[in-house]
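Listed next: structures, encoded as structure tokens.
In the two complexes below, chain A is the common chain; its partner is chain B in one and chain C in the other.
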Partner chain A sequence: MAFCTGCSLLCDDIEVDFEGAKVKKTLNLCRKGRAHYDSLVVDRLAPAVDGSEVGIDEAASKAAELLGGAEKPLLFGWGNSTLAAQGAGVRLAKKLGSVIDDPSSYSQGLITEKILKGELPSCTFDDVRNFADVSIFWGDDPSSSHPRHLSRFSYFPRGEKRQRGYEEDREAIVVDVRKSPTAQIAADGFFKIPPGGDAEFAEALMATLGGKIPKVEDKKRMLNLGTKLRKAKFGVIFTGLGLAHSRGGDLGPFFTLVAKLNELARFSVIPTLGDYNTRGFNQTLFDETGSVNSVSFGGGVEHGPEFGIAKYLDICDAVMVVGSDPAAVLPAPLAKKLSEIPMVAVASQRTLTTDAAKVTIPIGVAGLEAEGSALRSDGVKVDFDAAVESGYLSDVEVIERITEAV
Partner chain B sequence: MISVMEVYKLLPKTNCKKCGLPTCMAFAVELLGKRKAIEDCTPLVEEPKYEKKLAGLRELMAPLLSADATETGMVIHTEKCYGCGNCVVACPVNVASDPKGTAIGRGPVSGKAILMVEDGVVKCVNVDQCRRFGPEKVLCNACIVTCPSKAIEFI
Partner chain C sequence: MAGKKEVTVVTYRGIFQEVEEARGMYSDGYRDQSAILDLDGGDAKALGVEAGKPVLLENDSGKVVVVAKVSEDPHPGVAFMPASPWSAQLLSGEVREGGLLELKRFRADVSPAEGAVTSIEEIRERIGAP
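Presenting the complex of A and B:
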């Protein structure tokens, strides 16, 4: 049995045959996971300084020099790093007195923070499989982003109290701006909203649950939804980037709705996170500082949106990106700004970010070439072994080397 | 899915009985069930006036007779499939024969599963266990309606 670190579901029932580092045959691995496994032999990164290849020790000492000499360094990424590497990253940030941040500062960080603080009820995927009778996918399309989400946990499987699975025991509701592949599966429960209409939809649903007539076009359908949710025995809301990036970004009405739902029934929230260990970074930093992202160790521990990558890029003078590709994800003006700052990139494959970096340090792919542990997006810890031997250092070894050299 | 009427329309409709069956409609049914071949209808193959009909019938039956289709007529468009495994977990035969694997959302463990995800795409094995197999077939559609990318079809 092998593990897949292709997304935050961390599937653990994978069977794989290797021929050297090349994958010969896989079982139970989705197409996204298969591509993740195949990437072992594609576009691997080499240690380099200013574009010319060097030894790994030289690259590490150059990285330490670059970060140690900076006044306002930023350590960013960590979504595709093991828990040990994330811990080492926080120690490095403390040593440097730098800012540390991850992509959750511009995605679902607020939702994860509320879950970790206990302000938003959550549960595990295994609870979902065994008990959930209503699954709501809000701004979330796991069929595209996390292919096995519905088949492993949220809709199709039989569970302890859900022996008849999706046919009779489960209901899927999708709230989205378009008829996504997930919405196509749950066509009867699809509620189309306009872009930025999340707050309005949440308020209409609140009104319905409060016994009022909602101000929406199809009142009957909304009232039926209200009845369904009120009668739910174990409801789960999976949130996606669609909700987090809703125009205006105000999640207040959503949080009020979850509180209201929990007065009437039991509803949990699980964010659908992109990188395999985003939840792990959020948890590691939360345990250390009480915040899930955007933390500065400059003078004591400070937290605030000014320490998120979007704002901090304006003033930082060195960046280290670990296990992430912000140059490909950030809006173009921010990506351009990032590419102009002296950068150290620690990654397994060549990416847009590594192309823009001054120093690049390769690492082994966690779960395939390096062992470690990570938190699934529901917070469950998964330990994985290496599936294939390789000469690459693990991410934690690289971060520790840099920390020593600083 | 190809209907009997579609096949019938492309036959000579003379009920000549040369194929050994009483009517062209009966031949259409047998042809769809793969118990007869197009060549068993000798007038259609030999007489030039049926040339257009023969070409049409060959085109209609091509997907069913191709190597991609299983004996149940299932065609998996692997270029569309992304290996989510919804069909594997939803398939009633899989659930019944593999309660500790596919029924609870994991990969198959019993060796009796009829659908499994191999190399990132779904694959049909043990096809004789499918509800659509054989003359007593049930028109089950669990694998079709659960597919988010419409990668499975029956012809």
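Presenting the complex of A and C:
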């Protein structure tokens, strides 16, 4: 069996035949996973300095020179890196006395940090498949972002205590601003909220659970939802960016609601994380520093929003981006700032970020061309082998080469 | 009658966009699945915009030309757009308390356009990537 690192479900039941690096036949891959495998022959990155192709050793040496000569370097990315590369990245950050951060500083880092601190109850996907009778998708559309989420774990499958699957044993509830593909599956379980209306929805649900009449248009429907949640035996809330970004990231009402739900029934939270090993980076950094992102090793260990990429771009003088494409995601003014800073990009494919980099270093795609380990977004560790041979170095080999040369 | 209307744009990730991104972000397929705006039917009619036609999205942060789609479900005053380098051109980069960036929502004027859809190469130049 092969693995898929196309998303943070890390599917482990993939069968694939290759003809060279090209996929010939596959079994069990979703549409997104198949595209991930097909990407092995698309826009592969070459080692380069200032746009001119060089050998990998020269590129690694230039990267070390650039980072070692900087006063305030930033190491960013890591969600599409193996656990070994993430660990090596933290060691490099310590050696450089640099800042290290990942996209969770502007997405679901707060939720993951609360889970790791034990302040927010969570569970595994296997628990969900075996026991969950209510799955709530809040600002989250896994049918698009994690296509096998519902079929492997959260809605359709039969499990140990859920032998009748979605037909009788499970309920899907979707809270979202649009009728997403997941909302279409949930049908009657879809609760449409206005943009930024998450806090009001959470407060209305809190009122319902507290025996009050909710201040919403359809009171009867909200009361019915409250009754369903009270009766749940094993509820799970899957969170997406829609929730994380609502109201400028104020998740207070959501956390209060989760606490209230747990007075009445068991409810867990699992963030639906985009990159395949975001949870791994958050765990790795948390184990080392007690924080999941935005950490400076400049003078001891410091953590704070000033060390998140959004603010640190104002003062840093060198950046290394590993397995991420912030130039495509960040607001244009920040992407422009990033492009103006001397940058090393370690990636498998050409992106806007690699185009803006002074030094580019190619790596093999983890799980497809390189072995490694990662944490699914529920925190379960998955070890994977390479599915096909390639001439690329792995991510950890590249980070360690740079570290040695610094 | 063609006009201009301010809408709240909410971004999302679509499966077809994710597929095309894996196949190369400089591909026509990635542009076709990213440079789109789902408009409410009533809003589209008021703007004189038909599905498949270009629209200009602009605010103080920037502007892009994308292709209009018209939703079956009503959502007046709100439009949806895949999160991508195209939507990122309209984001301010303002950092909120706690360091969180606003990436999911922005206000922008939408109006019918005649020009071509903004290309990824143009965006690359705008952000200063050589």
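Keep this in mind: the second predicted complex is superposed on the first by the 406 of 406 C-alpha atoms of A that agree within 3 Å, B and C clash if a C-alpha of one lies under 4 Å from a C-alpha of the other, contacts with A are read in each partner's own complex, and residues count from 1 in each chain.
In the analysis below, a contact is a pair of C-beta atoms (placed from the backbone, for glycine too) under 8 Å apart; a residue touches a chain by one contact, two chains touch by 3 or more.
All values reported here derive from a predicted model rather than from experimental measurement.
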### Task
Give one word, clash or fit, describing how chain B and chain C relate on chain A after superposing.
fit
#### Entry: Contacts of A:Asp287 with chain B and chain C, given as first, second, both or neither
neither
### Message
Is A:Val177 touching anything from chain B or chain C once the two structures are fitted on A? First, second, both or neither.
### Response
second
### Task
Check the residue A:Ile185 against both partner chains and state whether it touches chain B (first), chain C (second), both, or neither.
first
### Query
Thinking of the overlay built on chain A, is A:Ser39 touched by chain B (first), by chain C (second), by both, or by neither?
second
### Message
Once chain A of both complexes is superposed, is A:Asn28 in touch with chain B (first), chain C (second), both, or neither?
### Response
first
### Query
Is chain A touched at more residues by chain B or by chain C?
C
### Query
Looking at the overlay, does A:Glu389 come into contact with chain B only (first), chain C only (second), both, or neither?
neither
### Message
For A:Asp13 in the superposed arrangement: first (chain B), second (chain C), both or neither?
### Response
first
### Query
Once the shared chain is lined up, is A:Arg148 touching chain B (first), chain C (second), both, or neither of them?
first
### Task
Angle at the Cα centre of chain A spanned by the Cα centres of chain C and chain B: state it in steps of 10 degrees.
70
### Task
With the two complexes superposed on chain A, say which partner A:Pro305 touches: chain B (first), chain C (second), both, or neither.
second
### Smallest distance from any CA atom of chain C to any CA atom of chain B, in Å, after fitting
7
### Common ground on chain A, meaning residues reached by chain C in one complex and by chain B in the other
31-32, 34-35, 143-144, 147, 181
### Interface residues, chain B side, partner chain A - complex
81-86, 88-90, 95, 99, 103-108, 116-121, 145-146, 148-149
#### Entry: Residues of chain C that touch chain A when the two form their complex
8, 10, 12-15, 18-26, 61-62, 73, 75, 78, 80, 83-85, 88-93, 95-105, 120, 123-124, 126-130
### Residue ranges of chain A in contact with chain B within the complex
13-15, 25-35, 129, 143-144, 147-148, 150-153, 156-159, 165-166, 181-182, 184-185
### Summary
In the complex, chain A touches chain C at residues 6, 31-32, 34-36, 38-39, 42-43, 51, 105-107, 110, 141, 143-145, 147, 177-181, 194-196, 241-242, 244-246, 248-249, 274, 294, 304-306, 308, 310-311, 325, 327-336, 338-340, 349-353, 355-356
